[in-house]
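What follows is a set of notes on a single structure, which appears directly below.
Letters are used for the chains, namely A, B, C, D, E and F, taken in the order the chains are written, and counting of residues starts over at 1 for each.
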């Protein structure tokens, strides 16, 4: 327990987290501090490229094993299941209609890249290794979540609405499989894999040295954005807000169990927990505008950005790491 | 100077239907368009990509100079297909031009 | 097709009064607005944030679609409060819409 | 409220003639202008600097509020000098203002 | 004297200064060389974050002493006094009205971050240490200057103008205390202070390695902007232009005296001189548009950007360093 | 031959080339992956500044010799001659009018900076030295090409068109001599030259460490842009498309011969070949809009971007290096 508190404090007093807090405070005090959307997009691009490339190099170092295949399958399955669980909780505890409950489910089945990156930075300060294929797992956790959430949501559509947008439109496929985040993550991973150590030597001055600094800038922006959307939570009932807190815990638990079962490293288990706990605020809401325009993003986005994201960043990550460690030691011991 | 009056169709909408509107412009053989990135507020709340850099909050604006007839067909199509589900407004303005041919529907 | 004519209020102003205008729009319960970043020149010289990246040189433009009555009240308020001290112009245009209700003042 | 009607000249053109148009505005002593960065499509194809970041694909838009007389002279000058070789369109709109003096040609 | 010339030449032949000159030349020759406003904003953000963070880490290394408190008080006082001096000079030597004279005073009581950063880069090439709290001093030199300039300027307002804008509006307070420059500087400083050496290790690849390069880009932009505004000086009378040259000397002298009195390091004395000598062209003109719109920024901004900024960068910094050194050695010897 | 294949594969499996391919694939699959124009401009600025600065430092290391002068003269001459050759080929093999044939000539007489930078990165992995003045040669290969292409093209203008735009307008001169690319390249070169090793030490963390990473981002954008314009090639006849392939070979051959004659290093010969083989898609089309608006950039730009640029990047560079090596060894042996 003492250990957990230590870990949590170390997490809080790290530059990325403090810059996130700085951003939130600036937004709450209505300062004109601002990160332009253009810089924000550049920073996401950078983070994805760097994390993808590093993952690829890491992959090139290890041999492909059965575990990899199982892990990828597990990731996709979790991403398909989590929306069902989320949908169940929401329908049980709130008066939310099916369409929006399904949409929210899709967000929580999917993942947040920055939370994942913050997780890798956290693991680095704790000198924990993680498997390169975790990044492929992350990529595989978008499409199933969207499809699963969509299946749930569409049961709430009127016949007229249902007709206007067929379920499996080419739009859906394009959004889900050729989206820029997937492209850049998988592309960089492949390039890292192909160029291996030689590539890493050439790229390290770009993707490693300034990495934490760029992450800090991005977290500053995340703080600003999250802080600006906090207001919107006021119109939400307590049950929905609570969902934003407990759903990541549910997700993380499932992630830890699965990770231990598959036999991932401690770092890998932690990251899978983070993936399950985190919720999407970039890819999923954008995709749903195309394939489920009846869902209202002014419900899902403030919930994810205003509750779940900060919770994971500030408290979740060290918590999941601690829980994963306990589980991992038990498994090792047993 | 002899000026002729034609219509400017204005569509302000969320990014999600950009491609749809481009397709519409293409199908209706409008001779051209001009596209802006804007921010705004309306029935569906504040939409400001700069303040919240999520694609969902991007707003775009189309201006299409065409004959009255085509103008009405475009605005009707937009209303019918998108008003219910998307953040979008559309309206017409009068503009005065020198050479009407330039703004005739395209002949393929 | 039955079109109704309403007004578009256009305000081009320096960044410093952006919040003021947003407040004005809010107080007058205008149903919406569209916002642009522009550059320009007028009585108070060239205002080009791209050429001289100092906030003071930023220009913004508001477009507000409303009934004639509210339009005149908005433009009058802007003229009275800001014309003397700030870089700002304001004018009206006619626009044709399909659904008048969309552009009625908001009811809180 | 007493509103007067004057003209808004709109010029949408490729970046290459930006300086020329600024010079024209200056020579004709127009009292001001507002400048936008836009994308578009017309007779000379799609012009989208964001999609293809080559200066050649940059489109700009000028709006110039002036008396009818000057408006016609500006639009004629633009047509005569640039329509043949450059991507450009120009048109007029009516706008209603409160203070006509603001938009009189500059006196040097 | 020979020494001063050497220092001055070394300063001139350093990349940041040469990039500033390159920018000015490009602007004068009407080249289409251009740094986008977005990049410019990113660069300022970077410089503030880096300088703030470094200052915070430096602070965490030393113990807080009485000197710190005295220094902070002195900075605020200087910043309040300098506008009075500037106002006096302008009203005596030119026909400028009270409103604009007060406004210009506010600019000169405040500071220029880039000049300060150029000063720290200069000190680094001379291997001079400076106290981390200099950055807090810098932050404290904005509000007093604006208030002091405002008090002077408002005596020139008509009764009608005076009524339209009350002196102590919430706008003024927001502009002056929650402005983004203050937020990012103080925030980064605090984060640097809290994370200390561990933070520095994580951030060095971002805030130290590429620092001079980013500064060069920023100086290039400053050169372009300054060069473009040179024309506007033509309509100014000679007395006002001369003011742009001698006022920094007055400021620097006061800064050196104060620094020596307080007992700052040689680097600290130099930086305080630079703070006093430099004038604001970002924060103050923007704030005055809100709280003193009658002042004409087309007077103050070209004066600061076209005369005082280049003067400080090209000649002032080495001069102040030399003077500070002479003073410092005298004090030490005495 | 085996050696050539090895070199070619090493080139293909390097991060910058793979990112170029990634961009092309994303564009072809109509992914919404996108590099904003603002970031693209920043990246070009960075590449030019870095390459110029490095060249300047390199120049400061060596003594200016007669070879330098001859090399510069040769570069300008090649740049003037290549448009004549290109014009000849096009007029002989296609039905292109004089105006557009001349315009295309101007593109091929001029150079592509990114191709050049990719060449330097390639040489670095092969540990090949090259002369700093190659960058000056590059700068000198713009103006002659534009003037030469213009002379050819204007013979196709009607009398009325001819009158509207005089050949030697001040516009032409400004475009050709004060363009931003020339300014930043020559300016940085001069600054590198003046500050020498001391400047390099201060700037290395900016211009060397992250260099390959920035190049990768830029190549990603180039891939996107090239991929998006591939369609337009469909309306071109085969002879014109073939021209896009063989013209770089012609240029490279001339470059290699000249380089060997002048006595450049192997790296230098390779880079001169690359300069001659590459064609402009930034400076020349922009300049021609001003001085030859009758030319249609929708012909020249897709040809350069869709055919010649990828050809040089993917295959040309290793080929020219191999050919240069053979020639160079022969010369050495002889």
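Convention: contacts are C-beta pairs under 8 Å (C-beta built on N, C-alpha and C of every residue); 3 or more make two chains touch, one makes a residue touch a chain.
Everything numeric in this text was worked out from a predicted model, so none of it was measured.
Chains that count as touching both chain B and chain F, per the definition above, are A, D. Chain centre most remote from that of chain D: A (centre = mean of CA atoms).
Separation between the centroids of chain C and chain E, computed from CA atoms only, is 36 Å. With centres defined as mean CA coordinates, chain C is found 40 Å away from chain A.
Inter-chain centre distance (chain B to chain E, centres taken as mean C-alpha positions): 47 Å. Remark: chain A and chain E have CA centroids separated by 42 Å (rounded to whole angstrom).
Annotation for chain B: residues 36, 93-94 touch two or more other chains. Counting partners per residue, chain E has 34-36, 38, 41, 209-210 as the residues that reach two or more other chains. Chain pairs that touch, as defined above: A-B, A-E, A-F, B-C, B-D, C-D, C-E, D-F, E-F.
Those residues of chain A that touch chain E in the shared complex are 13-15, 18-19, 22, 25-26, 29-36, 38-39, 125, 208-214, 216-217. Interface residues of chain A, counted against chain F in their complex, comprise 38, 41-42, 45, 49, 53, 174, 178-180, 183-184, 187-188, 190-191, 194-195, 199, 202-203, 205-207, 209-210.
The part of chain B that touches chain D in the complex is made up of residues 1, 3, 8, 25, 31-36, 65, 93-99, 102.
Within the complex formed with chain A, the chain B residues making contact are 14-16, 44-45, 49-56, 85-86. Note for the complex: chain E touches chain C at residues 34-37, 40-41, 161, 164, 221, 225, 228-229, 281-282, 285-286, 289-290, 293-294, 297-298, 301.
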